[in-house]
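Chain naming follows the written order as A, B, C and D, and within any one chain the residues start at number 1.
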Amino acid sequence: MKITEIIHDWLFSLMPETTASIVEMALIAVIYLAIFAVAGLYLVLLERRVAAWFQLRLGPNRVGYQGLLQTMADALKLVSKELTGTIKADKFLYNLAPYFVIVCALMAISIFPFTQEFQAFDINIGIFFLIAISSIGVIGILLAGWSSNNKFALIGAMRSGVQTISYELSVGLSLLTMVLITGSLQLSEIVEVQKHGWLIVQGHIPAMIAFCIYMIAGTAETNRAPFDLVEAESELGAGFHTEYSGMKFAYFFLAEFINMFIIASIATTIFFGAYLSPFGITESIPLLGVFWFLAKTLVLIFLMMWFRWTFPRLRIDQLLVLEWKYLLPLNLMNLILMALMVLLGLTIQF
Amino acid sequence: MDTTTIKNNFKSEEYQINMGPQHPATHGVLRLLLTIDGEIIKRVEPDLGYIHRSIEKMCERDSYQQIVHLTDRMDYLSSHINNEAVCLTVENALQLEIPERVKVIRTILDELTRIASHTLWWGVMGMDVGALTTYFYGFRDRELINDIFEETCGARLTMNYNIPGGLMFDIHPNFVKRTKEFIAHFKTKLPEYDLLLTGNVIFQKRMKGIGILSKEDAISFGASGPVGRASGYSCDVRKHHPYSAFDKVNFNEVLKTEGDTFARYQVRILEMWESLSIIEQLIDNIPEGDFFAKTNTVIKLPEGEYYERVETARGELGVYIISTGTKNPYRMKFRSPGFSNLSLLNHIAVGGKIGDLVATMATLDLVIPDIDR
Amino acid sequence: MGLMKDYNTKIMTNEALQSLISSWIPELEFTEEKSQFLNITVQPEQLHQLMTQLKSNSETNFNYLFCLSGVDWGTALGVVYHLESTTHRHQLVVKVKTEDRDNPTFDTVCDIWYTAEFHEREVFDFFGIIFTNHPNLQRLFLTEDWDGFPLRKDYVDEINMIIK
Amino acid sequence: MSYFSDIYNGVKSLLTGMSVTGKYFLHSRKGAITQQYPDNRATLKMFERFRGEVVMPHDENNEHRCTGCQKCELACPNGSIEIIWDRQIDPETGKKKKMIDKHIYHLGMCTMCSLCIEACPTDAIKWAQNFENSVYDRTYLTRVLNKPGSKLMPGVED
């Protein structure tokens, strides 16, 4: 887009090479941070309204028009809250943990292709980078659980460690099955391939299975119900972030919703053709790509919310049995099936 | 295993954790001292008394009408049935002849209280196991019953509508209409409970095969109500010692034999259908007649011991009065169902995980003021 | 599933019960007035033996202890056991008393009926009656350092006892 | 084999669960049962038997029916009614007669059991239907039910 070139040239004219690129990257980082902090807030509001409609309620409708400023008010409240903490807590790790989680969440956003030009960081190992980042997030949760010196938090953290490690597997494998068709990990390449038919259509049956496995594993990845063992209200109270308050708690809370956004946008990029409109109807208008990307992502986010407000919680051993005995074998069979299909060229191209 | 032994033989990972007295799964102020090894529970030791008001000591200085109002605060989810228990004991002691109309109205209100208590239990059960929406569906149905109570008795939860000798005032003109509306509404909503939670595979995996209670242990622990009936032990007081109009109604006692958490869940769901059919049989033929048998204002029970038992939503509530002929009882003892149901928690929860303990406790349906009295 | 459909047929009447039980331990007092059930008053020494026989004997088979209550009879402290048989559906009340108010002791019955464990802790908490070889006899409701036994008739507490 | 059949049954049971919540989501517009409490105060009407607060009705010329017989005070389980009465000379009969001075009612201690209203021989007190009884200071909760300068209604005998 022209704007990025204009800023790019303006910066390079002002400063020497290296500082200009650093300033440009800092600028992009600040813009992304602002956009996704606000997007996180409105995701929280969306979750509360959708939960209310499922539950015969109305949801927040007092603050601002129809409750639009509700999460803004929550954020202000959290900022002004006192940062309490336990004395025996391991001070340094206790303070480090929230930044781990929020930074990993925000780093993962940078590589999503919202439109053709509007992509901050198009690296050629796109999906691999995404999976690596999402596994670092769990270290933050483990740190939080361990360092707040609270037995419930420790149990919550151990559960999250076990859960994320085992569900990394099926996230990675289901994405891998789709990479078989595209042949490259770079996100813009993947979207290129999807110009003639979304991957879910190209890979028809195995792609559908991979999508279902991905959605299950993705919900588990973000510690959301029915896998919310990490902060199981009725068992552990608030799980790993029991001892956090104020802005630190806000980081965890925001990170959880941004993770949900990330899992949904990975799915749209891989399975549903990021900014490509269905059957190429609105290719002409460049800016509409962002609308399509967000529309698809919001549909998937609604699906994840639907899971949360319907299903009870799994027990920790059933969670692992589901992964190792059901999702993993299915994934491997699906991988072989997709490989055969790509070999024999049975994929549907438009 | 207190902390000193843990320190010197450090290799054992067992540690003690406090579940309560302020904890979402304990539904009230019950503190469980859990000895756990990682996730496996080694020992559950309940610590009671946080809401102990010594109702039995208060009864020794109150008149019989005032005792009835105290029992509202014991098991607040079946307060009407508690009131009826004390009234029955006093009426049988005085050999009072209760008009037919009172008996039928009392039975209808009993069954409405049981459904209200079971819908609340179902909502909170879902929440404990993680499905948060069941709470609102359960409370929507419970609200209709609360409106019926509020219109007839004036209060939603602690009714105090029963007094020794009958009812405080007659039922409200549109009581019958509202109850029929409720029955029609609830008949469409109860199957939804099964669709949403009972059939769910995650729910069944969380509930089946944990917290198993055999029939002999159920009898020996004195488990009553749905907890006992889920282990095949037929302990329905409405069948064995019928009171009010229960002998004129035909309903079958729900019995399961597996005795695990899922069986207790199913017993309560099927019991709601039974209660609905009881109300349907009675709602149309409430006999005419006055609602109050004449008693003098200061009630003095003849000397002797009296024991009466009723089936509350949680189990068998027994009222044991020792009277020496004065206007307040010499000694009054309430045999509370929750107390015996809690005593078997350690027996069935050991070996399970924390998630199982929470699910098992949810199906025991404990109400802590009923335990602490 | 062996469901008994004959809900309230009592097999043994009180007299038959009385004759059977008196055949085991001769010096028991049987009364029936002033109560709906057959009352047995037993000496503390024979309590445990009577209870085990009541439960184990197939004809009586009192396997359901549905109410265990401590009572302060003015001079004596006592415990009242309400028993029922889930197979024969007949009921029985066993009473045991002791004059010694400083440390009244009875044998525990929690090895016969598990429910007695909690009920006996409650009776100890409110009446101070000690039950020998009870697994862990501590206060159940009140805090450990509570002095006095509230449900005794001679218990006085100005602060929270309002005498009308 | 059973591996795939229990996957199939599991997913089917999950979908039926989702269908129930989905049904509520679709017609959530009219399904919401939350009462918008502070907004609907104008239209909100409690049932006429609702036990809000004990009041003593006075007719137009400031007369009530309470003779000060203290039956309600005895009937109350937790002492939330105190009657202060004194002996005055009754104008017609000239004899000393028990007259009610103050009928003190502690709303803070009342458990709404309505035993006092049952016990009152002259139906002097009855239930009001207001439920907004929260106050900033506990002393506001003790109320004197008979208005100052009110007298006993003629013709009401103890």
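Couple of notes before you dig in:
As a working rule, a residue touches a chain if its C-beta (ideal position, glycine included) is under 8 Å from a C-beta of that chain, and two chains touch if they have at least 3 such contacts.
What you see is a predicted model, and the numbers here were worked out from it, not measured in a lab.
Separation of subunit A from subunit C in touch steps, taking the shortest path, is 2. Geometrically, the chain at the heart of the complex, using CA-atom means, is B. When every chain is reduced to the mean of its CA atoms, the largest separation from subunit A belongs to C. Taking each chain's centre as the average of its CA atoms, subunit C and subunit D sit 42 Å apart.
Centres computed as Cα averages put subunit B at a distance of 24 Å from subunit C. Across the assembly, subunit B contributes 133, 140, 196-197, 200, 202 as residues in contact with two or more other chains. Under the contact definition stated at the top, the residues of subunit D that touch 2 or more other chains are 14, 17, 20-21, 24, 33. Across the assembly, subunit A contributes 54-57, 309-311 as residues in contact with two or more other chains. Those residues of subunit B whose C-beta lies close enough to touch subunit C in the complex are 48-49, 52, 54, 56-57, 61, 216-217, 219-222, 224, 232-235, 239-242, 255, 257, 303-307, 309, 316, 318, 320, 322, 331, 333, 335, 339-340, 342-344, 347, 372.
Residues 51, 54-57, 151-152, 155, 225-226, 228-229, 232-237, 308-318 of subunit A touch subunit B in their complex. Here subunit C touches subunit B in the complex through residues 1, 3-4, 7-8, 33-37, 63-67, 69, 71-72, 80, 82, 86, 89, 93, 113-115, 117-119, 122, 126, 140-143, 150-151, 161-164, going by the rule given at the top. Here subunit B touches subunit A in the complex through residues 15, 17, 23-25, 39, 126-133, 135-137, 140, 196-197, 200, 202-203, 205-206, 353-356, 358, going by the rule given at the top.
Listed in rising order, the residues of subunit A touching subunit D in the complex are 50, 52-58, 306-307, 309-311, 326.
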